[in-house]
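Here the structure comes first, spelled out in structure tokens, and everything after it is commentary.
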Amino acid sequence: MLIKSGTIVRADSVFEADIAIQDGKVAGIIEGSLFPEAEQVVNAQGKYVLAGIIDPHNHMREPGIVEREDWITGTMAAAAGGVTMVLEHPVSVPPTTSAKAFLDKKALAESKSLVDFGLFGGNGTTSIEQIPELAALGAVAFKTFIWDYPDRQAEFAGITCTDDDALLEIFEAVAKTGLMQDLHAESKSVVEHYTKKLIAAGRRDPMVHEDSRPVLSEVEAVSRTVMFAMETGCRLNIPHISSGSATAVIKEAKKKGYHNITVETCPQYLFLTKERLAEIGPYGKINPPLRSKEEQDKLWEYLLDGTIDTIGSDHGPHLVVHKEKGWKDIFAAPAGSAAVETMLPVMLNGVNQGRLTLQMVTRLMSENVAKLYGLYPRKGVIQVGSDADLVIVDMNKEMTVDRRQAYTKEKESSRMFDGYHLVGLPVMTIVRGTVVMRDGQVIGKPGYGKFVPHLQAA
Amino acid sequence: MLIKSGTIVRADSVFEADIAIQDGKVAGIIEGSLFPEAEQVVNAQGKYVLAGIIDPHNHMREPGIVEREDWITGTMAAAAGGVTMVLEHPVSVPPTTSAKAFLDKKALAESKSLVDFGLFGGNGTTSIEQIPELAALGAVAFKTFIWDYPDRQAEFAGITCTDDDALLEIFEAVAKTGLMQDLHAESKSVVEHYTKKLIAAGRRDPMVHEDSRPVLSEVEAVSRTVMFAMETGCRLNIPHISSGSATAVIKEAKKKGYHNITVETCPQYLFLTKERLAEIGPYGKINPPLRSKEEQDKLWEYLLDGTIDTIGSDHGPHLVVHKEKGWKDIFAAPAGSAAVETMLPVMLNGVNQGRLTLQMVTRLMSENVAKLYGLYPRKGVIQVGSDADLVIVDMNKEMTVDRRQAYTKEKESSRMFDGYHLVGLPVMTIVRGTVVMRDGQVIGKPGYGKFVPHLQAA
Amino acid sequence: MLIKSGTIVRADSVFEADIAIQDGKVAGIIEGSLFPEAEQVVNAQGKYVLAGIIDPHNHMREPGIVEREDWITGTMAAAAGGVTMVLEHPVSVPPTTSAKAFLDKKALAESKSLVDFGLFGGNGTTSIEQIPELAALGAVAFKTFIWDYPDRQAEFAGITCTDDDALLEIFEAVAKTGLMQDLHAESKSVVEHYTKKLIAAGRRDPMVHEDSRPVLSEVEAVSRTVMFAMETGCRLNIPHISSGSATAVIKEAKKKGYHNITVETCPQYLFLTKERLAEIGPYGKINPPLRSKEEQDKLWEYLLDGTIDTIGSDHGPHLVVHKEKGWKDIFAAPAGSAAVETMLPVMLNGVNQGRLTLQMVTRLMSENVAKLYGLYPRKGVIQVGSDADLVIVDMNKEMTVDRRQAYTKEKESSRMFDGYHLVGLPVMTIVRGTVVMRDGQVIGKPGYGKFVPHLQAA
Amino acid sequence: MLIKSGTIVRADSVFEADIAIQDGKVAGIIEGSLFPEAEQVVNAQGKYVLAGIIDPHNHMREPGIVEREDWITGTMAAAAGGVTMVLEHPVSVPPTTSAKAFLDKKALAESKSLVDFGLFGGNGTTSIEQIPELAALGAVAFKTFIWDYPDRQAEFAGITCTDDDALLEIFEAVAKTGLMQDLHAESKSVVEHYTKKLIAAGRRDPMVHEDSRPVLSEVEAVSRTVMFAMETGCRLNIPHISSGSATAVIKEAKKKGYHNITVETCPQYLFLTKERLAEIGPYGKINPPLRSKEEQDKLWEYLLDGTIDTIGSDHGPHLVVHKEKGWKDIFAAPAGSAAVETMLPVMLNGVNQGRLTLQMVTRLMSENVAKLYGLYPRKGVIQVGSDADLVIVDMNKEMTVDRRQAYTKEKESSRMFDGYHLVGLPVMTIVRGTVVMRDGQVIGKPGYGKFVPHLQAA
């Protein structure tokens, strides 16, 4: 297979060349004249060829919560969005906290996924002993919540930790594996304090969602866990950072030389503010919440100065029946949105607006993800010998986001950017040399996607 | 009364003059020739006259724990040490968490104290509602512990808070009073984590005391509560800071303009390190613990650059029978030491060593204390109209600390500096114009000391 | 003499007391009731008593340029403005670069001055050898200009230095004396560059004065000379700083521990911007020039955070006949203004506006000046044993500045604040116990003022 | 031509692949199996393939000073050292300050050079008007000296500037071209000051060379010119930075967002200290001088944190007869050394010592150079379409530097690293697909090298 005449965009450089693909791998980057023939030729003239997007933050909901999403619908959405690999988080029924759960999920996903995938191990106060085993099985990283959900034990058993004593133990155990600990960083106590005050004041409308989980709750949680990472040497990644103020804490840690501490944000935090809830109510409820313009401006500052390492989707659809409760009582609605399908288009639109560059897109959404989660250079770069995971991008193609045309199972969960006009779209998604999406149509086959372990376990 | 020919040391200047005292107040600062006569003349030639020391951190143990200390023995020790006023913390039986407890303690102390005193109100998760009342009664500040002591409820009921939700509520309530919140800053969870590991490793000897409460526990607690103070606008004071690393957090807050955040250290942290426990075992156990030389060096750096605001004693004797348990099991011994008697001599010795100046001593141990706790300019400065609280200091006088000669009730608790040779001693303590200590002999009368309310309530 | 019932303002504290004065010195600070009688009693009820203002930056123009100012008119202006001591700079005919010139000027001033005075030594490329001698005679500091004035050698011979080689030599020589080097910090080359460009563009109007001497010229000169001070250990003071950007350089040096580097600004830079030249044309020409609002805002920031050490007047009148040339050609007009008379009133007005406090005024305009120039504690503080140099201030008294009523010789040079309505005025100036100004009327006697040497030479 | 089985090292990644070369350009980067045949095959198994080294700082001495070096001997030395392109500075007879001089030098070099080359334009006080013309001819950048050499006008006429007024004019003129200004950053006045003092103290031995040009002279010159670059927007590059202290100034500028300011150092500053002059006397004299270990340690810190952009050789041989004078009088010897031949081997040895990585070598010595001087992506990267300029490196090959075997004309000028044992050597140098050095033997042809203009002029 030959991708002809495209403009190749890498984190370090941009140039024109053909890409030869053989046995699912990049076999050559070559001047057009040199290679006259190939079985299959893709004309990429006038378009950009990037390494496939790797979504480091995805909730596929399967096994066990398939009414919201499953590995087929979820990875169709991924393929549609130019995503060639997803890293799936452990919130499922059962949660991915044991070897059995891990292997079961792996087998299930291998039979259904259209794109390649990696799996997080879940850890928490009650599942510290499973950490080495999950690492040995190829988990890309671990994920915990410093929270508890007494009413949602089916999904969350073993992946929560509300006690700093146990959290230090977890960090010490993960540090020994060399893997990274992801951690949802909001302070439960702080959130409860402000929620209680709002309820006492009679406020339960969508507009108070952010007030109930103020920036302080993220700053405190990040500060505390960063200190623990510094002390234990554990690699720590803060996913879906929402506020510039919390990102500043990570910047400080990096400046002191703590390169084991990293941070991810999501397109919704970069392009939407809390005012969005006035329009879409509970469909705009995510945790941490959308923030103010001021915090968003700071977030962009840290994106542009290199503090922020990766961009994830935090894809996690919810049922309409549950979301709808939030119009009257925002605290009654679940938090989450469908996001994997729009994550790349939203960022490409940002490129067209001059907010960032295509090279930054590939660094944040592919190269850095691959490096942090032990997939590089198999994934995350266009290079001879690397997997031929590619997304071809047409920076002039336009669409207006229409949630009714989403591939995700619960289309109403796709309201975040619904109605937004975007310029710059993925037009072809290639996984290991096979086209899985062409011109917006997903043509990949369930079960084609492969499990990719962390390179330490490979 | 006239104090003749002394060298007056103020935070801002040093000069020679006489001090006239009338009705317990400084009535004049005058050139010798101007005032030929006075009823009583004290010759201070060759000596330094400082505003009396105000100890912001004192546990008198009465009511309720008088086997360890009481208001007579405790304030005799204070007077002996050049201390003209103590600010008493709420750990007693009952704790000072209600108007009744406050007024009872006030009456008791008025009948017994040799020196002036102020009282902290105690607050915690269960005593938030009493905050306004205690402020109205003249409490100098509030004190809480982010810890719990299920077995010591007699002393600690109502002055603990282990939940950040409640802590924010406390801060909000205290912010409304304009007073300061003092807070013992060690993370319970972090201490438990390391203690558990040491016990699992078979270590219970005195030398592991510091390992069980590492610098991280102080840094985390300070960081978190500083964030809460920033958010709520509550004035926050961290007493007995032990590590330079934790002080750095406060320096950062001050640099950002948060002047409502202040910090106290104690002479023991400045002049002793954790190696002292090799000599005196459990008698060297205090919380937070004595630290390494490296942390101490940083602490000095922050003392000299003005980050540290005050010096307190954290005077709090314990029974020998309890302390002795710690030789075999350091975790079984209580934490605390008798310190009010030596706090000034130890600092004066530091002046003679060239570590700091007399002007810094008066700023840290008198002027700043008076300013932070609402006593200035009635206390804390030698100025016309201010109370004539003075300590006369002979910088050439020497002694070797001998715990057997201490005024405190449990003399064995005075082992911290026992055997140390000190140069520079207080030779006269004057409270409102009355000499209460002369040449080391306490001659004040129990019941002379007055309650001094915070100026807001005065 | 007794000053009764005033509110004494010191850098460190504010309180009410009487001040007894005997033999020209403060003999007592006392409670009213204690001292029933005195020969002379001044009622200061409702007013503030500050240590007399010391102007560290004054050009008396005598000997040799008496058409502009002389020691009688100049010190009458000082006394009128609450200034009890002036530090006179070396620009006169001859310049104060030799023992003879110094002693001649001293004798002259002793015969004419109404207030106390100190003298700068002038130094430059050609007068390095005289440095030790001038220090021995009691010069308060040295002053040089990194500029040359080939046409004005009468005033400037020996006090200029355009060569960094010589400047380093000067710094090394001054470092040995322990005195301070003052240095007019503008880069001649940079100013020439921009002046040339403006002239080439046909611009000579008053509004281009600042463009011709941009902030860069001050920043560069300050940066360079600060480096030299760091290297040689010479004490360096930058007088009349005009821009926040240049002050930032000094803040950085202080943060690195270089406490030998200090900085003065003037009221005109704090309260006027370059737009003032649209109103008063060449009468608003001073060097460095008035700056933009943005630079002024930063200057205030550095005033309030303690970076700026002192405030001087840079008093230096010029003849109308020379100033008037500047309407057509601003480069043809001399730079300078009469400023000593309004310096305190302008700052007091700032206090009434809430821009700074009275305590800051006394610190910046008296205490710090005395400390930096070796006069403290004889000058600069209200303290027993210090000279009774006082200014009594009525913070409610008002006036509209009227240049026609100025005491300075060339009244038209007083146009800077002409027409400004000021609230807060000095109502009595006392030099060593003698009233020299009462209610705006100067009643001091020429020749009363004394030469005060640097304490090293005293 | 095919380079088989090598490990390709790029700034961003390292991987194994073959490189196909056609018409002097990289035509493909391909998996081995894909391309069975080629006319010429180079086996690079076990070796590393880097983009050819570009020396941004080279003095070829021709025309006019050919007794020291010429374009044939100089570029033979370059080829021997793995250097595929040199950027030649304007110090020659005549200096490269006019279109004629530029074109003459270009023609001369085209007839003699073995490797590709770019040319600096020289500028100074007297040659400002030629700036646009030189830019139009393809000069890679400009170079000036803030110094004067009245006795060496043949070489230096028109490339010196001792007046900040003119320097600002130069910066403004260069800013308009978009090119970079290189500037030798030492303060003449500061150097004269310290030289004078040393001579007065009777010191002229080699060991005082550094004392005569202290770090201050570099810090001051860098600070000043950085300010001018900030003000004018001119791109400024400081070549051959010698001290960490001066590099810190550039780091500060970069942190403030001034990305137009860059800096180069040389291997001699990274691996030798001033003590080297005890061994090789005047042969170790370069300007700026070799520094102390302490400054060198800081320099490494700034190399590793990315502050330093490029590494150059500052190749510039001198005659033995002139150098020898320096044993008795170091001030009488000229400054400079032959360095192009050892620059890469010394850095490779550093890689083997673990001081830096091969990827850093290629970034600092090729990619960044190409980017800063307008040559990228034609030069500086292994990429399809780029010139096939390559150096193949054997990291296990060793040699002891022997100045007698140097290709440079004045072999005694190669004493800097003479006698050093180095591990890691270039074994093949390829310029546009043609091998010019193999196994240490230079086989390129004079006149093969091409002039490469700045891409703006291309």
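Some notes on this structure:
Going by the order they are written in, the chains are A, B, C and D; count residues from 1 in each one.
The definition used in the following text is that contacts are C-beta pairs under 8 Å (C-beta built on N, C-alpha and C of every residue); 3 or more make two chains touch, one makes a residue touch a chain.
Treat the numbers as computed from the prediction; the structure is a model and nothing was measured.
Minimum number of contact steps separating chain A from chain C: 2. The distance from the centre of chain B to the centre of chain C, with each centre set as the mean of the Cα atoms, comes to 44 Å. As a whole-number value, the distance joining the C-alpha centres of chain B and chain D reads 63 Å. One finds 52 Å separating the Cα centroids of chain C and chain D. For chain D, no residue reaches two or more other chains under the stated contact definition. Taken pairwise by the contact criterion, the protein chains form one closed cycle in which every chain touches exactly two others.
The complete set of chain-chain contacts reads A-B, A-D, B-C, C-D. By the touch rule above, chain C contacts chain B in their complex via residues 10-13, 15-17, 20, 22, 25, 27-31, 33-35, 377, 381, 383-386.
The touching residues of chain A, when paired with chain B in their complex, are 163-165, 167-169, 187, 189-190, 192-193, 196, 214, 216, 219-220, 223-224, 227-228, 231.
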